[in-house]
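What follows is a pair of complexes built around subunit A, which joins subunit B in one and subunit C in the other.
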Partner chain A sequence: MSDSTLESVRGALIAALQGIVLVALAPLLNGLIRKVKARLQRRIGPPLLQHYRDVAKLFRKESIRPSPASWIFDAAPIVSFATASVAAALTPAICALPATGQGDVVTVIYLLALGRFFVILAGLDAASSFGGLGSSRDAAVSVFAEPVAMLSLAVVAAALRTTTDVSGISLASTDAAVASGTSLGLLAPWRLLAALAFFIVVLAECARVPFDNPATHLELTMVHEAMLLEYSGPSLALVTLASLAKQLVLLSIVASGFFPVGVATSLQPAALLVAGAVFVAKLAGLAVLIAIVESAIAKVRFLRVPDYLGVAFGIALLAYVAREAF
Partner chain B sequence: MSALLRRAWARGAVVSSAILQVIALAVAGTDGAFCLAGYDAPPIGIAHVGATRIPGMGLDPLGAVVAFALALIGIPIAIYTPAYLAGRHGGLSGPVQQALLPLLLGTILAVVTAQNALVLLVGWELMTAFATFLVLADGHQDEVRRAAILYVVMSHVGTLLGMVAVLIIASGSPVLSFDSLDFESLRILGRDMGAGTRAAVLVLALVGFGTKAGIVPLHVWLPEAHPAAPSHISALLSGVIVKCGIYVVARVALDLARPVPFWFGIVLLGVGLSSALLGVLYALMEHDLKRLLAFHTVENVGIIFMGIGLGVALSQTRGLESVASLALAAGLFHIINHAVFKALLFLCAGSVHATIHDRNLEEMGGLLRKMPWTGTCFLVGALAISGMPPLNGFASEWSLLQALIASAQSSEGWIRRLAPLLVAGLALTGALAAACFVKAFGIPFLGLPRSEHARHAREVSLGPRAAQALLALACFVLGVLSPLALMLCARGGEPLGILPYLTFDSPFIISGSKIATTSPFVLAAAVTAISLAVAIATRGSRARARVAEPWVCGLERVQPRMQYTASAFTKAIRLVFRNLFRPSREVEPAEGTPPYYVRRWRTQGMILPVFERYLYDPLVSAVRRIAALMDGWASPSTEVGLFLTLVAFCVALWWAL
Partner chain C sequence: MSPAPLETRNAQAVPIADVPDLGDEEFRDAILTAVSLGSRVSALFGHPAGEGKLRLFCVLANDELGSLALLSRQVERRFMSLANDCPGVHLFEREIFEQWGVEPHGHPWLKPVRFQPPLVAAGARASQIGVANFFRVEGEEVHEVAVGPVHAGVIEPGHFRFQCHGEDVFHLEISLGYQHRGVERALAGGPDKRTIHYIETLAGDTTIGHAVAHCETLEALAGAEAPARAHAIRGIALELERLANHTGDLGALANDVGYLPTASYCGRLRGDFLNMTAAICGSRFGRGLVRPGGVAFDVEPARSAELQGRLARAMRDIRGATGLLWETPSVMARFEETGTVTRETCEKLGFVGVAARACGVGRDARQDFPLGMFRFSQVPVMTWHTGDVFARAFVRALEVESSGKFIDGQLKALPAGPVLAALPERAPDRIVATLVEGWRGEVCHVALTDERGRFSRYKVVDPSFHNWTGLALALRGQQISDFPLCNKSFNLSYCGHDL
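What follows is the complex of A and B.
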């Protein structure tokens, strides 16, 4: 085998490994968010590993299909799980290799959109009003979230004078941070603002407070859960895993895409270990942040969701301007 | 017996004409593909036989893009048409339509291969004429006639402006002859134009030929003409004829009037973004399936113009040549992509209309179970137009988005200022399109049937199914092989000096300097592999699944009326953009119900068509007023009128001396 073939095989293996690890860790991350949130509210809360138990149990349970459903209803959990796993393999996380390259972050967003397209359709497939309600709301949220996500990624690429490639962003950040200190540094205003805008998008995309309440099945307030209302058994397990994986993927874009500190640039075991520890620490920090946000603010009325995302758009635009000014 | 014989004869004529059409288009497509790939032309092509060239015609990469798109959708359309026409009743007879179709296709090819302004304009006018005849296939209906007249009038006013643009370039020549209108001589004349003249030419060409392309606010004919025409004609209108408008604007801007000024690139970007956003927003509010698709054509034309505009604007910035090339390639590639998925969607819409005789989304539902082939093909088209990986729409949209992101590094202030808005605008367009196609697929094809017709829908016959499947396959293949396609489309920029700077390492990976990397092929392979593995692993539970009624708050059975409707689905977006849509609603007791105990209500929601109300209505009434004024001066008899025409003609001749 030639060198370049070897390199790309190695890259593919690393990506696959990263995908498996991230999907496996996704329930734990959400467990952590729930635990911290519970402690903030002076509850004990469910055990950290509760999601694993839930999923394992769901896989053993019987499946029930609504009578009007078509093959879309069966396909949606599978497609959303598959797209979330591939996104997990391609998202910036622990290492960034210049040569093999996992591709770019924009593709990750597009992949997640494909999964969501199917889940929204599945909501309409069961012919119940709840599914339609959830689908309609989820579609509306995604419409306003997507531009902000793209713009904040564009800010990073533009500020670092690189592309939206995972490796490009990481390498430019580390080099630049070392070379010039402040203006391209990890705490530069544009970076903080862009990350904040993207973080608001993550809250919207992952159906978290203030956009949606992940803990409720109250019809007036739910968005994401309403789409999944008809699912049961293994299908429910798959969509649940998919949405947890999506949350981890988006948070790791915040952690390693916007703040690629500690990302390994070689495949030395020691470097990978350090990078892994830093990555876990960053994710834990984000989990605590989400828990604090969810405890501090209330879910807004659905029609005010665009206001929040409008503010996020303003922040991203400010980040673009700040990139020139500071 | 003789009636049977006549029918067999007509059917035979239609089928054999369709076969000839496939052969002719295959020749055209091969010629186009060879031209894009830079190979020697095949022995027989569009504009030549052997070494003999048809005078005033010839194929170059820019025209080859449209010719290739035409072949790509024309062949499935030819397969689709015989069965579709056999199922239609009333209006123009099947054989007559089938006879007009090759004429239309021929004139389209004449437009894209013209190397002479006269050939171009004659081809252009004939194209409009044949397209109008075919739009008029159901001309016994008033609304169809109105739509056709709107199309012809707007098209002609546009052509007039475009003709002026061409003549302004040609006016530098001492004599006006066939040869002086050759592109070769126009290019030389174009180079010496002053800045003001050049601006006039560019703006006139954009407005004139852009009318055909359907840029906002000149788009109003599209949502009228597309639903009026039979579906395979709508597919051609949207897929290629609209593209001819883009092609001629690009031909003038990139080729005849070059060097094109920087500001024109910015104008194209602005026109593109506003067409894209307004097109998709109006599409979201539409419940007529074919009108919805027509508004999406406006959106996609906008995206194409954004690509071309960015290519033009960046072509004059040092250091971003590869980005200019990518932007232009993305725009030209989107011409092909949009042709393919929009033709697919229109053909599927035609199949649905043929079986349930309705275009209103609110009357459909549950069609996927009745029409699995058509439904699945429509889903592929919906995914492609929404830019979902790994299909073709993703490749061109992603490339354009990457080019916009990279353009933020331009040294040109205006590009840097506009880049964030363009990035967000394109992303918003894509997200709105996805929401719209969730609606356009989910409401008619999923859930329960909302009407008696939808309950008795039946799958279409083999020919239409095969045509739809071919186009769906094309969406997939063009997506997976998009790096190759982008590479070839990049050659369309050669006249402008935008050389193909894209690096081409493999036919499966899009990459280049200053451009991020993606591979639709890898995405397709990975997602398919995981999906298959999971599907196999969980097949047991699906096989054992118990079928039950969905949860409807304790009621016994779910009713079709409980489902979300198309208008309910988009309500949140309608409210957010209420300043544009100005939605209003009327609720009143249905007819025949007692006023004190109303059992049935009638509600009607509507949005305000802003452009029709505030731009075209005043225009029409102004024209009417002027006409009324002139009515007083009008000549009492035809003879006097003819005499006055003669006088005007003589004065014009005298002036020209």
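What follows is the complex of A and C.
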């Protein structure tokens, strides 16, 4: 076996391992957000590990299938979980290595979009009026969110002179560029603006305040949850895990893509350990940030969602201009 | 000249024989004239008059004059509906149709109200609940969303049907009756040991409101008055109930828009107010406090001092919690111009309570028809003119402030004396209508006594009965995702409506 083959096999193993670790950590991240939110209201809040218990409970229950549903309803939890897991494996989180296929954000974003597509279809497939409402709303949100995500990532890629072709953005290169040149400051205006635009997209994509209220039980206001109303048992566990994993993946892009400090560029155990610790700290910081945002502002009226995402698009544009200027 | 309606005052017993018995046209004209002169229909109900006839009683309330007017007419199988000319009676007429099988001819939308069995014959079968004609909008892009009666939250059951075009709501129809317990039927023949408990649970969150209305009714029938100290304690309890519920509603409104600080503050403060009621009588909802002839628990000086301290702390916190709402732009963006009801609609349909005052209508039974302590110590009427969710929230916050002041004033100057007086026998063949401003709005109790002074009919009109239509109209042209917010801003009672 040649060295390059060995390298890519090792890279694939690392990616798979990272995917498993990230998916396993995803419920903990959301548990942390809920905990901080509760503490901000002076409540005790659910235990950090509650999501794991819920998922374990759901796996022991039976799945009930609405009679009008087709194969899409059964496939959607599997597809969304699979795409989120693969996205977790490919996200440059702890280590960014060239030549493994790992680190391509465009792949990651569109893997998540594929999962979302199936969940939207499943919401329609179950033929309940709430599912239909949720699907149409989720589709509307994604129409406005996706361009912002791509634009803000493109700003980073262009800034690092990696490539002008959006599909070629590799965060490994991002990291390499950062490692090579200290002139690309972490607190440069363009970077902060692009990160802010992407963060707003994360809130929209993860069905968080101000776009959706993850804590509501009111069917008529739900966006994401409304599509999942008909799911139960193991299939509900899978879609729940998928959305938690998606949240972690997107936050990883914020943590390691926009601020690639501390990302390991080799497979040295020591470097990986440090990178892991930095990554966890950054995610915890983001979780606290989300909790604060959710505690400080109200959910927006649904038809004003495009306005908010329009602002995010403006911020991303501004980031592009700021990069040209500075 | 046709006989005029019998003018009377709030909680004043008059002989049933004095209530004028009008003809079809006279009855109709009398009501329409009174309504055009500023009265509204507080209650309209049937009572069997023998020989297969039904006597319809109407209670007209004039807020400006503070006077009530009673009138009646006898009908057999049908009568001319008033609903087209006076939309405020549409639900009363549907109720009469359902209870007695007497048809309001020409009613625009005649269908069951509660799906209850007719009161005419014992053992009659009710129609199947929820099975009725629903208004439908036809068209390719129109879709129907049905919610309930089983909801995702721990709330009462009700069925809602939306005719939607995307996110926009064309029409909402509300179908209730799932909480019907037959309270009015059970109250006939009373009062007995059970009566006060039925009254206290007519609408659990309006325990004091209904109990005060009931006790004032009984006292009017007995020609007696509760001691002054009892009136003061009833006033305190009524306002504590308002404080607790308004606070809870403000918190729930904040929660519905996902604004957590106010939601969690108000959740705690509601508990504080409920506990103050519990400190008086041992029940957070005031069960067992208000009794015919007075109240069952005194507020001793030590307890009064303790309550004053607790009230001052709670009032300080509630100011902070509600102030956050008006200062947060994202909250105001949700509240303003959501679920608007115009003043014209409000006046036409006769909404009551917070819903009416939020449309700029200064309608408050504490001011217009004062009873008990409110004859001596007035509470200002709080209104706001925009008619939207913000108005309903803001009026609540204003009322919280004035209720706090009222309670504090009463606690500081409780009249001396006993708190409970024995009631003499009730007068026979009387009718009495009592209006009390519960926290949700006007609570109306109408009692008719037989020749032994027992209830031959006890009619209860909860404020929710007037206001449910308001919620349906508030949703027109709104986004369906704003329904929970609009619903919460009215926060109507299902069991108070269903009885």
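Note that the second predicted complex is superposed on the first by the 302 of 326 C-alpha atoms of A that agree within 3 Å, B and C clash if a C-alpha of one lies under 4 Å from a C-alpha of the other, contacts with A are read in each partner's own complex, and residues count from 1 in each chain.
What we mean here is this: a contact is a pair of C-beta atoms (placed from the backbone, for glycine too) under 8 Å apart; a residue touches a chain by one contact, two chains touch by 3 or more.
Note that the structure is a prediction, hence the values are computed from the model and not measured.
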Subunit B versus subunit C as contact partner of A:A215, first or second or both or neither: second
Touching partner for A:S136 - first (subunit B), second (subunit C), both, neither: both
First (subunit B), second (subunit C), both or neither touched by A:R43: second
Touching partner for A:A126 - first (subunit B), second (subunit C), both, neither: first
Touching partner for A:R301 - first (subunit B), second (subunit C), both, neither: second
Greater residue coverage of subunit A in the superposed arrangement, subunit B or subunit C: B
Footprint overlap on subunit A, comparing subunit B with subunit C: 129-130, 132-133, 136-137, 302-303
Touching residues on subunit C, where the partner in the complex is subunit A: 143-147, 152-153, 166-167, 254, 256-261, 263-264, 328, 330-331, 333-334, 338, 479-485
Parts of subunit B lying in touch with subunit A, wherever the complex brings them together: 365-366, 368-369, 375, 379, 383, 386-389, 394, 398, 401-402, 404-406, 408-409, 416, 419-420, 423-428, 430-432, 434-435, 438-439, 441-443, 445-448, 514-519, 522-523, 526-528, 530-531, 534-535, 538, 541-542, 544-552, 558, 560, 562-564, 568-573, 575-576
For the subunit A and subunit B complex, residues of the former touching the latter: 62-68, 70-72, 74, 78-79, 81-83, 85-86, 89, 101, 103-104, 106-107, 110-111, 113-114, 117, 120-121, 124-133, 135-137, 139-140, 142-151, 153-155, 157-158, 161, 163-165, 168, 229-230, 233-235, 238, 302-303, 306, 313, 316-317, 320, 324
Subunit A residues within the subunit C interface of the complex: 37, 40-43, 129-130, 132-133, 136-137, 209-210, 213, 215-221, 294-304
